[in-house]
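The following pair of complexes shares a single chain, chain A, combined with chain B in the former and chain C in the latter.
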Partner chain A sequence: MEDFVEIKPKGKPLKRIYLNLMLWFVGRAIQASAKVDKKVKQEFEDLPKGYNFALGAFPNGPWMVVGKDDDGRVRYLGRNVKDKTIDLWMTLKSVEALFLLFTFQESTPVSNARSRLFVEGDLPHACAVVRIMDIVQVYLLPKFIAKLAIKRYPRWSLKQHIIGRILVNARTLIGY
Partner chain B sequence: MNPASIEFLCRSTTGFGKIALEHLPSDLTAVGAQKPLVLTSKSVTRRKGTTHVINAFRESGMTLGIVDSINGTASVDTVGELAALYQDKGFDAILALGPHSVAHVAKVLNIAVSDTPGNLRTLSGNGKIKRPLNPLIYIPSGAGSGFETAGEASLDALSFSSPFLMPDKVVIDPRLMAQDSLEAVTGEAMASLACCAEAHGTTANPLIRSYAATAISLVMENLEPCLQPFFNPKAPRRFFPKAATNEKALAGLATAAAISGYLFSNCDDLITVKLGRSLAGFSSVNPGLLMGVLLPAVLEYRSGNAAGTMERLLLPMTGLDNYCATPKEQRFDQVLSILRQLINGLFQRSDAAIPRTLSDAGISLNTLEQMTTDWPKPILTHAHSGNPMKQGDHHVRA
Partner chain C sequence: MYVPDYYEFCCGVKTVAGHGTLERIPALLSDMGAQKPLIITDKGVSGAGLVDTVIASMAEALPTCPVEDDVPPDSDLKVVNRLASVYRKHKCDAIIAVGGGSVLDTAKGVNILVSQGADDLMAFTGANALKQKLNPLIAVPTTAGTGSEVTVAAVIADHEAKKKMLFGSPFLLPDAAVIDPRMTLTLPPHITAATAMDAMAHAVEAYTCLSKNPLSDAHALEAIELIRTHIVNVVRNPDDREGRLALATAATLAGIAFSNSTVGMVHTLGHSVGAVCHVPHGTCMAILLPYGLEYNLHKIEEKTAELLFPMAGSEVYATTPPKERATTAIAAIRKLNQDLFDATDGRHFTCFSQVKDPQGRQSITGPDIETIAATALGDGTIFYNPEDLDFEDCMMVLSAAWDGAPLDRSKIKQG
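Right, the complex of A and B next:
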C-alpha cells in the first residue's frame, strides 16, 4: 500500500530529565520527612517492615522507589525497579501524566479522578503514600504552589512551617 | 416509574479531555495489543491530527503503522489490501482516526482480520458476528455522522450490525478537533439531539435516559459556541495567527455524538434516525439536518405513547431551574417550542442553508406520499410543512 508508513515514536528526553530530578528530590524528601514530621513517621509505622513502594510512569519510568527496611528506617532506594521487590506500584499512565503531576497542574486526587493513575497493591497503603506525599509537598513547596498540588492545605503552626521546612530541605540535600 | 426489566449494553469506554490520547499506550497494553494500525484520511494528516497521535505514543516503546489514504470512496478491495497489510506486518489493534468513512472501514477491517469464521459476505447482516473482535479504538477529529460508535458498519453494498462492532474505546481529545463546514457541524449536533431526545422521551429505561440526558445537555451547551465562527467570524490576526479556539465545544459535540451511537445500538425503534436516513436518499442535505427537522414531528407523534414521558426532556434542555418553574402540563409544549426556535434560528442565521422543513430540504410532497406505506403519514406531512401536530387542546395520539 503506497500510503503506509511504520513509525516508532521517540522519547521525551527533556521531560525525562526534569522528572528524574523531581522524583530524586521528592524521594529524598520523603526519607527526610520520616525523621522530622510526626504524621509521616506514624504513617510509616503503620506500614509493614520491608515494605517498598514505587511511583513512576508507564511503561519505562522514570521511577522513584522508597522503602522501609527491617529496622524500620525509611530509605530512598533510587530509581531502579528491576532488582527490587516492589509491594506497591503507583503508576501514571504516561510520562505526560507524571509531568502534569510534578508541574502541579494537577493534584494527586485530580489525577486519580481523571483515570491517569493506577495502583497495584494494597489500596489502604496507597492512600497512606498519598497522605505522605501531600505532607512532603507542603514542606517542599511555597503555599501558592502547594495548594495546587494537594487537596487541602493543612493548618500548621508557624514553628512547624519554618523549622520543619528548614530541617526537611536540609536533610533532603544532605541525604540524611 | 420502574420498568419490570431493563437491558443496556455499552461496550465502549469513553475517554475525554486533556491528554486523553496519552492514555492510549496503557489502554492498548491492558487489552494485550502492542502494535496498532492507525487508519486515517489525508485531511486529518494535513491538520496535524496524525502528529498528535504519534506524539501520544512517544516513550511507549510501541511501533505504529499509519495509513492515511482512507476516504469516502473506500471499498471492499481497500479492506482486502488493508487486511493483508495488517496480517503481514503483525498488527494487533486498529485505531480509527477521523470521520465516519474511516470508522466504517476500520470496523469492516476488524471483522476481516479478527478470527471470526466466515467471510465478509456471510457475516453481513444483523447479529452474525457473535464473538469479540480485535481491539478497536475510535478517535473523532471533527464533525461526523453522529453514529460512528454504534454497532453498525457499511461498505459498498454490505452492511453489518452487531454489538461487537462498537469500539472498545472512544478517545475525544480537544487537540484533534477541527472546524468543519456549517452543515457538517450542525448535522452532527442535530443527529445526536434527535437520537437522544427520542430515546429519552420514549423509554422508561433509566440507563438510556441518563446517557441521553447527558448528550442533550452537551448539545445544547456546545452548539452555539461551535457555530460562532460561522455566524460571527473574527478577522484572523495578522501576526501569530491563532488556531480555532472552540476545540472544547467541538469536543463536547463529539462526546454527544459518541453517546448517540451507544444509544442507537440499544434502541430499536428510533423513527427520527431511520426516517432521516431514508429521506437522505432524496435530498442532498446532510442526514443529521433531516433528523433535526423530523424531531418535533416525531416527538409529537409519539407523545401519546405511555412508555415514556416527553415532558422530562425539558430538564436536560434548559436545566433544573426552568424545569421546576414550568408547570408539568406546559413542559412538553416548551420542549417543542425550544426545538422549533432552534431550527428556525439556524435557518435564519445560515441564510436558509440549514432547512427548517422537509420542503426546504428539497423533498417534495409526492416523494413523501410514496413513503407513507412504510412511515407514519402524520410525521411526514407535518415535517414537510412545519405545522405543529397539536390540534385544540390535545396532542394527536399515536
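Right, the complex of A and C next:
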C-alpha cells in the first residue's frame, strides 16, 4: 500500500468556542428572562414541571440545556446532554448551520424552513420555546440585529426595553 | 423565481392515476410483497358503494379482504387503536385506505402502531419520531383535496384534549397512491367545492410561505391553474369525469407541493377551528385562505401577485397593473368562493358565521374564537408563516373571517 497523508478534521475550534460562549449566554439569559419578563414567565408556566429542552448542533454539539425543575424554577442546565432526559430537541444539522443562526445571518424560522433545524418532541411546546427565544433575543441584541433574528420586532414600551434589558443582562452575567 | 440557498424535496410515492387504475391495486400489493390487506374506509364512502367498486376491481386476485368502515370525520386516537387491533386480529400485512383525509390519516396512524408493534400512538407524535419503514400502505383518495396520499404528515385528533396531533415523517408517505376518478364521481357538489379549496389552500400556502422552493412552486402553480379551470364546472356538472380527474390530479400536485414546503397560518388557524369546533377542514381552508394572504401581504406581495396568473388567467394578469396584482389575486379567491356559494345553493360557505352544525346551530360561537386562537399558537405550521402571529393577531383574523369582512390592514402589526 502506498504511503498517504491521513487528514483529520480540524474541528472548527474558533467557531466552537464562539458557539459555546453564545449558547452559555443565551441559556443563562433564558433563565434570567423567566424572572423578568411576564410573557416568558407565562410560557414556562404552561410547560410541564421537569421539562428539559436542548438546542445545539448534530452530531456532537455544542449544546445548551434549559429546564424547568419540579418547583417550577427555570434553570440553565449547562451543555451536557448525556446525563439528562431531554423532552425537546432542537437540532441544527451541523455546526455551520448553528453558526449561521448565532451570527444572525439566518433567523430561527428561516433555519427551520431551509431544513437546517429539526425539532423532535411535542410541537406545541416547541412553539412556546421558539417564542421564548424570540423574546430573549430582543433583550440581548440591538434592534438592527434582532430584526434579522426574529420575524417581527415587538412594540415594547421604552421602560420595558431599558429596564428589561438591564435586568436580563445583569442577571445573565451573575447567573441569577 | 425565488431560489433559496438550500432546500430539500422528496416525493417517493408511486402515483398511478387515470381511468381504470383501481384494477392495478393487486399488482401493486404483489410488488410490495403483501397478500392480505385491511381496507380502511368510512361509512359515507362504503355507503356510496365506492368500497364495493374497489373490491370488485380486485376480486380476481384478492377474493376476500377485511373491511373496516367505522372511521369518523375527525381522525381520533381511540379509532386508530381499535383499527390496529382489527389489523392484528386478521393478521393483515398491508393497508388500503379508501377515503378522504380523515381515513388516510387514520390509516397512517394505524400503520404506525402495527408496524412498530406499539400501543401508544402519542409516542410517535411530532416531527421525525419514526425511525423505520412502515408496512405497505396504498392510498385511494375519494376526495380531491387533502393530498394526504402524497404527504409526509398525518393529523389525528385527541378529542379529550381538544387538539389535533401532528405526525410528520418521510416514513408516513404511502407506498402508492391510486387516483381513479370513479372514486370522486359521487362526491356531493359542496364537498367537491370545499375539498378543492383545501387543495387550493395547500398550493397557495406552499407558494407563499417560508419553506417554498422551485420544485414545490412548479407543483403549486400547476395545481392552482387546474383547480381554477375545472372547479366551478365540476361542481355544476358532477359527472364530468375529465374534470374530476383534473381536480384529483391538482390535489395530488398540491399535496406534493405542501409536503415539501409546508403551509402557514391558514392551516394554523384552520387546524384549530377543526379541533375546537369540528368544522370540516376544507370549509376552514376556503374561508381562511384570503385572510392568510391579506395578513401576510406586506411580506409576500410579490409572490401573491405572481399567483394572479394561474388564479385568473393570462389576460387578467396582463391587463392588471403590477401594483394591483396581489390584491386582485386575493379578490379572485373571494370571487371563486362566492361562485361556489352560488353553484352549491349556499352550501359552500364564505365566512364562519354561515357555518352550522347538522342540528342547525352555529358551529362557532364567540367564546370558541378565544379557544381557537389559544390552540393555534401551539400548531407547528405557525413556524412557516411569513409574518409572526400572536394571540391578538389570531383573534383579529378569526373575527374578520367570522363576519366575512376583509381584514383591516391598518391593524396588522409590522416590525
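General observations
In this text, the second predicted complex is superposed on the first by the 167 of 176 C-alpha atoms of A that agree within 3 Å, B and C clash if a C-alpha of one lies under 4 Å from a C-alpha of the other, contacts with A are read in each partner's own complex, and residues count from 1 in each chain.
Just so we're on the same page, a residue touches a chain if its C-beta (ideal position, glycine included) is under 8 Å from a C-beta of that chain, and two chains touch if they have at least 3 such contacts.
If you're wondering where the values come from, they're calculated on a predicted model, not measured in any experiment.
In the superposed pair of complexes, A:V95 makes contact with chain B only, with no contact to chain C. Using the contact criterion defined above for the overlaid structures, shared-chain residue A:A128 touches chain C, although it does not reach chain B.
By the touch criterion defined above, A:G11 reaches chain B but does not reach chain C. In the superposition on chain A, A:K159 contacts neither chain B nor chain C. In the superposition on chain A, contact of A:F58 is made with chain B only, not with chain C.
In the superposed model, A:I150 makes contact with chain C only, not with chain B.
In the superposition on chain A, A:D3 makes contact with chain B only, not with chain C.
Contact with both chain B and chain C is seen for A:S115 once the two complexes are overlaid on the shared chain. Overlap of the chain B and chain C interfaces on chain A: residues 114-116, 118. On the side of chain A, the complex with chain B involves touching residues 1-12, 16, 57-60, 93-97, 100, 114-116, 118.
Contact residues on chain C toward chain A in their complex (touch as defined above): 4-8, 125-129, 163, 166, 209-211, 262, 377-380, 382-384, 386-388, 413-415. Here chain B touches chain A in the complex through residues 15, 17, 19, 22-23, 25-27, 29, 54-69, 81-82, 85, 89, going by the rule given at the top. Looking at the complex, you find that chain A touches chain C at residues 109-110, 112-116, 118-128, 130-131, 134, 147, 150-155.
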